[in-house]
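In the part that follows, the structures are each spelled out as structure tokens.
Two complexes follow with chain A in common, the first pairing it with chain B and the second with chain C.
Up next is the complex of A and B:
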């Protein structure tokens, strides 16, 4: 039997580790984009995912994954396979976003070179939508100072280059 | 320049697309006549002072917002979601 290996949309580039920051491409079994829900839809989501709809900037931790606010009246399920709840416009975007986990003590300095939002705002339970270089991005706070970064899959290569450049710059400053 | 998004809070203006005068929220009746439609589509005031305009938080939450900005000082004195703005 062929063993199928989950691949991050945009491929599985090797991790980047420069100075005190590291970027690993990660996979999620399911990315389900939710919008246009009514009260019944929100209840269906709570039943299917085990969490309520997140408010602006919030990420709800669920048994099988995370439900992140990603825009005005929009949320993104990142986690285990989930049936699309009734009463919600749900779109499978599993191939649409590239996910990268940034970790290490230099993460705030690296992000400060890439986004116009204070990286200190991106803590566990919080999500920020902002411009990363020139890309629309989703930044989700994770434990131990890590941040999950999502950009459109078509820009995965650009994200890798931008991260590498920012990480190199921060590491170079450390050597002065 | 900082723009206060009612959803995301104070953000750098680079995250926004600037649409123009907020008169676009007040669409005339389809039968209002050529004069009303011409004014709606093409005629704009060029105020010195406070003006209301539409910005789109295109790099952020995706909301259209109605911003009150002073064209002399660039002071932004208010912002509301376009869908909640008075028409």
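Up next is the complex of A and C:
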């Protein structure tokens, strides 16, 4: 019988801190993708997760986590372990995404070099799906100007590289 | 000549730079042009065609004449390789000396001249000018025909061109970024400052972009007051207030283009003006500014008057002379003549005289105009000639009392103003002629959400600009539902436009229009005479306005000459089309961030590090990197590794990472019906625990992709796609679900990244799997079941892409690296090992399994021999279109196998197929090879390809010819399945 060891996306990379921005790799106990096709499904989600399916661009806060809109009739539960509601499509995505928390006063300027969406829109309660450099991403607003960034697990290295490049550029501008 | 007491440069911060290797000095805040003019330099380089001496004409980004080459700091090695005359090695050619700021260590050199700007051998062209007029090359170099490519064109190309490109890679740090605002104000002159102030006071999010380092526009160049303050002081105070109100002032930023949806392109010079640049500081940045509304306050460009010899260094815009005087504290000459047709030119003479510069005279083209000043005034005058080989020495003025030659070293010319309408034309708008200001002004509806204000709108007075800026901003803000407080517009000069049009002077000699492309009045008249009477034709014939300045100073004058030559009014003649970018943007900046790994994301599998540790060369598959093969000790060629790895699978067991294949989790009560509609086959009847091969068609009936679908539960399937088409299939499913079958209760998401999946194939695959999961696999071919290797919930599929007993085992990606290492170790202990893409390819060709080499977008299921998979009992995407007569014609090129008649014969992918004994020419082409390999199993090359009536020709011989690789092989047409045709090994 084999013994299997879990490994983080990108192999436990260190945090990146350059100038006024910092990126910390974070883990969520559960990433659960949910999608309903009818009202009954929406009710099942509300009952199971404590919050209903969020509208476009919205993040619903619940006691155990957050339910973020990620597409048409789709949401991603980020938080404590939760059983999938019945009557909706549900899939564990806990291994599919690399998660980074961006924080610091330079976050808007760093994001301005990576995404076409206005960083001012990414506030608590809001989520955007957009292209981050060349990668599809999920960006969720957090308190104190922080932003949680998710890209596919396989691209964790590219995310680190892109963040580092943007952060370096912003930091260099601060020096002139 | 520096003038004490004037200028906004910092006299306490001297700057040392060089021009053509000679040390030069200026002050912080100087441009190359202002610093060199202060040092008495007038000759900056040579012109494009005739190699005429060129100096400074303007003081802004519209400069056509003073183009220089600026070195970029770089590794010394680059210098050597490039043989650069500018220090640094990498350099930027065609830099406008009027824009580039000086900094310590900056090395500037003249261009288009050899050996020097004062003695340039190619100036011989100027003597040959009677033979080199517009369009000369359309009429000459006609014979002998072969000489064009061999002699004429290379010679012309060597002689032509502005500046030289460096021969080294451009590793300049550059960046791209996005900015967002309610109101974008383009230009920070009086109109722009007022517009931004109006926006900021209304609480809008405002971006104010200006080309120069300092907001203020012409207020910094004029001795005018605003609100009782000197103009420059008012500009500084207003800028300060704007900053306090949170306005984002982007200096050194030129808005270069207007695009759909309120998106503006802008080029910011970030570090180009600094001698000490921090690491990672970009030289420049290309911004995409997203604005809800915009006000264009880009000002206006002063136009020249075309008269003989008006291109000599020393001839300048009258407004530029004022700018050098007041903004930089520099007089471009010691003895200046002013020539104009409007009142603005008077200010130049007055300002010069007030600064103590000798004004040698004022040539006013109009009669009856009062010009106060302590200098000679000639009314109804024209400048008809200039002298001075390398710089102006005198001008000849013709006036009512006669003609006189006036010694001078600078001639300040004003022919009136052209509003900078360019950005309003980027979405196909055409400017309209305004007779009252004798200029083209923007079409108000040219760009949705953008209005022009100030001089860009033809409001040339200072107060007019201030009022216009406030008014246009107010309109924009109110359209966005901002409450705009009423604000008084400051008092300022409000003189009306007084101008009498004067485009060119009738006199002998070459009168220049386009100083960058060396176009004269005569050239334009010649175009008209050759019947190229449309302004667009004239432009292309003469190249007027086609240089890097896009003819900002010359366009309107050129079309006025054309109008005169064709007897049409100016509005009827019209303008050419202004296109982005407004000013040149380096290609490297547009592509910033795309070098090296920035080109595309890298997708790495969980086994990536392990593959690298085994020395596997990685190859791209979509965005993924996959191992090509795993070299073993003693192997010197990839074929050795590949053959060995194929042997693992055929004889013992091989393992391969197949995580890159797309996986889509499809759920919902209608999941089966949905898959029935997207696949050619029937999936709703698939039993749980079973897997089925499926073919997906495009709407046009051609094959889009293939893969498997496993039924995970009553209302859940897991489908797989090929690596390259995963995104395309996902998009297709979204389209079908949202547009074609919106009522279906089905939802799906990509599961590709969630799972690490590995193929285990070969006669000992079952043993390996059994060892791994602690129990026999217990699966029939095309079945699946949950397994838990090491207690981790996983899935085991009995599927095969190799033709052997094959499994694919999947676990959540976090366990991927660990499981892979365990699989590889176990495979090796059984006499097998990992196999890479090369072996995978050989294995599937031996079995005739198609990949995207065969599913190339033009193949139908019929072509592939998969016609039987087109279920007749249901509708599916592509069914009707696939049944078109032409797509089921037996004569089509259809999939076959190919084997050399002689085992040593070569088969190569891309080779074409001909009848045996036929000439290998296009008209005899019968098909081509899509995949080829050497089969260690069969001991010869084999291939898959498409051949006319292919399946009917099995056993026939065909001629295979690869012209590129010099291969000519007689092949036998076979079934695409070369090995284990009945699939006994696979089914076990």
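Quick note on the criterion: the second predicted complex is superposed on the first by the 164 of 176 C-alpha atoms of A that agree within 3 Å, B and C clash if a C-alpha of one lies under 4 Å from a C-alpha of the other, contacts with A are read in each partner's own complex, and residues count from 1 in each chain.
Keep this in mind: a residue touches a chain if its C-beta (ideal position, glycine included) is under 8 Å from a C-beta of that chain, and two chains touch if they have at least 3 such contacts.
Bear in mind that the values here come from a model prediction, so they are computed numbers and not experimental data.
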item: Chain A residues touched by each partner, larger count belonging to chain B or chain C; value: C
item: Chain B versus chain C as contact partner of A:13, first or second or both or neither; value: neither
item: Contacts of A:112 with chain B and chain C, given as first, second, both or neither; value: second
item: Partner chain(s) touched by A:2 [first = chain B, second = chain C, both, neither]; value: second
item: Contacts of A:56 with chain B and chain C, given as first, second, both or neither; value: first
item: Chain B versus chain C as contact partner of A:158, first or second or both or neither; value: second
item: First (chain B), second (chain C), both or neither touched by A:72; value: both
item: Touching partner for A:129 - first (chain B), second (chain C), both, neither; value: first
item: Residues of chain A contacting chain B in one complex and chain C in the other; value: 72, 74, 116-117
item: For the chain C and chain A complex, residues of the former touching the latter; value: 173, 175-180, 270-271, 274, 277-282, 288, 290, 593, 597-598, 600-606, 609, 623-624, 665, 667-668, 738, 745-755, 772-774, 789-792, 811-819, 822
item: Contact footprint of chain A on chain B as seen in their complex; value: 7-8, 11-12, 14-15, 58-63, 81
item: Interfacial residue positions of chain A with respect to chain B in the complex; value: 56-57, 71-72, 74, 116-117, 128-131, 136
item: Sites on chain A touched by chain C in the complex; value: 1-9, 11, 33, 35-38, 72-74, 88-97, 112-113, 115-118, 120, 133-135, 152-155, 157-158, 161-162, 165, 168-169, 171-173, 175-176
